[in-house]
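Here come two complexes built around subunit A, the first alongside subunit B, the second alongside subunit C.
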Partner chain A sequence: MAGDMSSSPLVVDAFQAEIGASEPWPVDVCLYQQYAAEQITFPDYAHCLSVKTFLYMCGLDFRVEQKTNAEEMSPSGKVPFIHVGAFLVSELDPIIAFVNARGFNLVSDMSDTERSEMRAYMSMIESILVNAELYLAWLDETVSTEITKPRYGCPYPWPLSWMLPLRKQKDVRARLSSNGWKDKTIEQVCEEVRTCCQALSERLDEQPYFFGDNPTELDALVFGHLYTLLTTSLPEGPFAEIVQKFPNLAAFCKRIDEKFFKQEEN
Partner chain B sequence: MAKVNDGDKMELHVWKGDWGLPSIDPNSLSVLAYCKFSGVPVDVKVTGNPYRSPTGELPSLRHNDVSETDVNTIFTYLRKQNWGSDFELSAKQSADVLAFSAMLEEKLLPALLHLWWIDGKTYVDFTRPWYNKIMPFPLNFFLPGRKQKAASLRVFLTKGGENINNSDVEAKIYKEAKECLNLLSYKLADKEYMFGQQPSSLDALVFGYLAPILKAPLPSNQLQNHLRQCDNLCNLVNKILLRFFPLSKAEIEEKQKKEEEARKAGVTPEDTEFPHKRRNMVLAAIFAGTAMVGYAFMSGLIQLRMADFQQQEEFPGQQKNTNNSADSSNSPKPPDFSASGFDPMFEERSNEGE
Partner chain C sequence: MGTVYAKAPEPATVNNPPQEGPDDIDFEHIPVKVERVVVEGVGRTKDDVIIKEVRPLLKAETFQEMVQKSHEVKQRMEKLGLFKRVGIFIDTAKDSANKDSYEITFEVREFRPISGGMNTLIGNNDASLLFGVKLPNVLGRGEKVNGEYTHGTKQTRGYSVMMSKPLNANPEILLSGGIYQFHGSYPWSGYKETDRGLDIDLTFPSVLGMHSLRWDGVWRDLRSLSRTTSFAVREQAGHSLKSSLKHVFVRDMRDDGILPSSGSLLRLTQEYAGLGGNVEFSKQELELQFNKSLFWDTVVQLSLAGGVMRPLHKKDDIRINDRFFLGGPLTLRGFSLKGVGPHSDDHPAGNALGAEAYWMCAAHIYTPLPFRPGKGGFGDLFRTHFFVNGGNLGNINFNDLQGSLKDMGNDIRWACGWGIVLRMGRVARMELNYVVPMAVKQGDSVNPGLQFGIGLSFL
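== the complex of A and B ==
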């Protein structure tokens, strides 16, 4: 189903901008992810939640398809990805670029400085929270053996359910060792998360959203990750406590949850 | 800025510099700039040998018995010692510093690593020779390769994925890096420094990343072309270089002398790059000649005749042997130099005794 799009998943957005602009948002847009209740690991869940929040913020309709092999179906090998007409787009940044090209833009009235600050905070989430989540999910002994590996391997029969999580763990370990996160202790990781939350909390202050009264991509990304950290129950969950220490961030998560998710359900 | 004088000096080990930069390594440059901004009385040791530093990595700061290596931990350490350029920033601005430094690491660093270490032509023609030159002898054989491997793991594991090939990753990281430069340029706008009149740690980081892009004469450098178009960023880098890293008198004189010499002799840039070309050629020729002669001598292609005429008269049989020396090496009975040639006195005496 990937078709000819799979050949270069990252560079498509350049010409999508030209083709996509004229077309309206189709009816049957699909977002693919793994089974949320049994299978998905929480770093992946955070990514999926960010994308869903972003699409809701843009007021776009889509339905969620749950597939056990969503990771293999994705053009970049990562969840989530959306299927819009003839296009497959995966991960948050390309999806944002794609949606913007279709004429839905959350940040059209922002100044250049504000936009650059927004991208900077988004990079901070990627470089701190994403790595911290991967660290806790796959490198922490207790969490990986009790939660992550059984969940990741659950759809497969015996030898695979044992081998595939190990292979994934090896990949994550290689990735975290290449950027220096593997050698950190859990205390250092918690410290990183705390500084990150501190910065976000300072930036948010008492505003409803990070840049005033209207939601941006950053709000979607922050909500996806913080909400996941707050709500996932783990045998060792120091992150939830850290986020709880910043009342404005917790209130922010609750507000977005109510505004975009509770409404959708009704 | 509050200052506490501890009385003992801090020692900072950094990579060597070139092309008018105090160091060529982004991390070393950032730390140097931060120290200059906040006036830390630091003793800078420029080196090409990372094992000289207490932790085996550069840059590294030593103070009393504490050694710190990573840029962020060095900043934190200095801040704890009350040396810092960020004390006047508001809480919100400090948050911005963290966010933008994450953006530099996430978006600009992969492209920088790719540019120096993974781009095949640049690595072979530029990066490896440069590091070979500054590293001491046995290290320069394996350290550049090791650094290259680390860089390529970093770029392809964090930016790539299962179904993405390398050229896609390359396109992606350069696109992100250029976007990052634009965003930095927007953030700086027409201010003196990122947060107004005073330089902050973010300026130090930006300077560290951008100065090598701007100054290094890489054979191909798409980032440099892009950066040149962001005038305010170029100005920031040049301003910091001029204001905080002025050349010392000796350096200026040396530079002028070099330029004058170059003008007088009309030498090509190749000559200045390899100043001892003629000498090295002669040395190489001498070495090769010696080696060839040595080999020929050892394997018996040439043999020296040591015996003098007296001896030859007294032992006509031996003379025959030495005359045929060229083919005698293969004969079952080798010429008996040790007995006949090397100690004629002894030979004579023993003859008399008989």
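== the complex of A and C ==
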């Protein structure tokens, strides 16, 4: 029964991964996200950029489909999600697992120690950068009123255009309240971001990628978030300055942008 | 002093002339003068409404007119929802010199200020429990406030608060409005939806029938029901805001709403969505029914229904939650609920996608149960029926109207069968039928053999 399957997504994921392994990468893979120019909020944009970078790094072809209702369409309620044949997979980690199951792997020649180190860095990004982005986008008074809420509500007619952003803000506030980020000041948040960048900068050092000469999913994740912080113009943008203070991270973003995105455009 | 529980007296006709004789009193010609009207037991009801209602009594000139008018006043006051019970006492005015003077006393019982209850509700193939709180006659002029919570079998949850008010103290003209929230799931289409809305409704009679004019502003949040929901339905997930004006006209000349034996029904519905919001379409629907009694309590019933909608702008699509669906045990029998018409084809049992036009018709022959057990009592709630029903659901291309109409006429689905109908109260019915689908199209979800249905709307 449909209802039973939806109640245990893990089983479905395992099932999808199993089936997926036997099929090649179809030609009509689609990545769904909100409209990049008018609608998407920058934390979501960072997630989408990470997934796109990861897929490009794997050398996989896909088409980006922009939908105003991408968030509601997604099986997990979060963007981005990819539509591969009969499967829908949302968010970076499940997408990585799905792509790996199809035989595309960026980290096949890494040792177990390196892999768990990479995982540790990835969860640091999740727990610091993602929360910092949400804090700035939704809890900072100026940014949320001037940028985030109008963008989030733009596809809808009044009064949904103000009700839906308020509802989303409430959800984000509840999430940040449960992990203790809600009561931080902007200075504390900046300090967290600085620590995170410091750690990343030290790991990267002068290498082209975080783990030597080949890209990994950590590179995709870091690029997605740092590039978004560097390029999003906000009325209050303390994060861009923080990232700029680490020249090797800024150079890393530029390098990946040129290698995987400028090429794609040509 | 006698109590007159007034009944409308039969008018004297040529065939039934008032009889002459010393014992017979010609009520029609007894002159009266209503000197005083007393209403006893009034609490929160406002004087101006009562005065307005009883005023015509003072103009009564004959005894018969007085009795008849008193009865009308009683009925109107009860219909307005002012009083629970109204008793009428007519007496001669005691302290009057004039012997034709009368005094009319209404003994009224008001409603308790608040009442509550729990009911079971039957929807179309769905049952739910309803908890309600009622404030009758809350402001003293027949205003009613009604709060409800429904909890249904198919994950349906609803809350509503409605207020209604008779306009101009006329019980037939009712203005009502309210707010509601409703959550339901639609497994045949693979989605669930939460509706939050406001509505305002004006119901009024005209010489032709009853009209209802309703504005509805509703925020609808549609989501996929499960991971197996087809992508065609998933694409429609999200928020929409519908602001629509709907006019329903009903001319019901039948002797009964559930198992009529004679009379006809005409129901016309027009809906225009697009007064703000982001849902824009216009929708027309028609329902016709004729009933004719034959010999031995056999009734023949012919019904026809149809509907068409179109988006206001050519390039727009109509959302799945506004489209028409067809099929089910009380409408197009022999097919699963909403089982006719376009389905998504990416699953073994695809999701019903609905369409922008439909028509269906049905012919029934109703007879009492064989050998008529329980005649005059319980048995009269049952009928057996033989039926043939058919119809089609499809999209109309307005650039090729003739071709589309031809398609709608060609791909007919039809089924025939036999079964038992049970009337449930005054609004719902239950059917157990044996159905043989005769014409089916690819993609339809068919239900041959025994089919059970329960619900409010049927054809």
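Just so it is clear, the second predicted complex is superposed on the first by the 255 of 266 C-alpha atoms of A that agree within 3 Å, B and C clash if a C-alpha of one lies under 4 Å from a C-alpha of the other, contacts with A are read in each partner's own complex, and residues count from 1 in each chain.
Everything below uses one rule, namely that contacts are C-beta pairs under 8 Å (C-beta built on N, C-alpha and C of every residue); 3 or more make two chains touch, one makes a residue touch a chain.
These numbers were taken from a predicted model, which means no experiment stands behind them.
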{"item": "Contacts of A:S178 with subunit B and subunit C, given as first, second, both or neither", "value": "first"}
{"item": "First, second, both or neither for A:R119, with subunit B first and subunit C second", "value": "first"}
{"item": "Residues of subunit A touched, compared between subunit B and subunit C (which is higher)", "value": "B"}
{"item": "Which of subunit B and subunit C A:M73 touches, first, second, both or neither", "value": "second"}
{"item": "Which superposed partner A:S127 touches (first subunit B, second subunit C, both, neither)", "value": "first"}
{"item": "Subunit B versus subunit C as contact partner of A:E202, first or second or both or neither", "value": "first"}
{"item": "Residues of subunit A that lie at the interface with subunit B and also at the interface with subunit C", "value": "6, 9, 75"}
{"item": "Touching residues (chain side subunit C, partner subunit A) in the complex", "value": "187, 190, 219, 221-229, 231, 234-239, 241, 276-278, 346"}
{"item": "In the complex with subunit A, residue positions of subunit B that touch it", "value": "70, 91-92, 94-96, 98-100, 102-103, 105-107, 150, 153-154, 157-158, 161-164, 168-169, 171-172, 179, 182-184, 186-187, 189"}
{"item": "Complex contact set, residues of subunit A against subunit B", "value": "6, 8-11, 74-78, 112-113, 115-117, 119-121, 123-124, 126-128, 174-175, 177-180, 195-196, 198-200, 202-203, 205"}
{"item": "Subunit C contact footprint on subunit A (complex, rising order)", "value": "2-3, 5-6, 9, 12, 67-69, 72-73, 75, 83, 86, 88, 156-160, 163-164"}
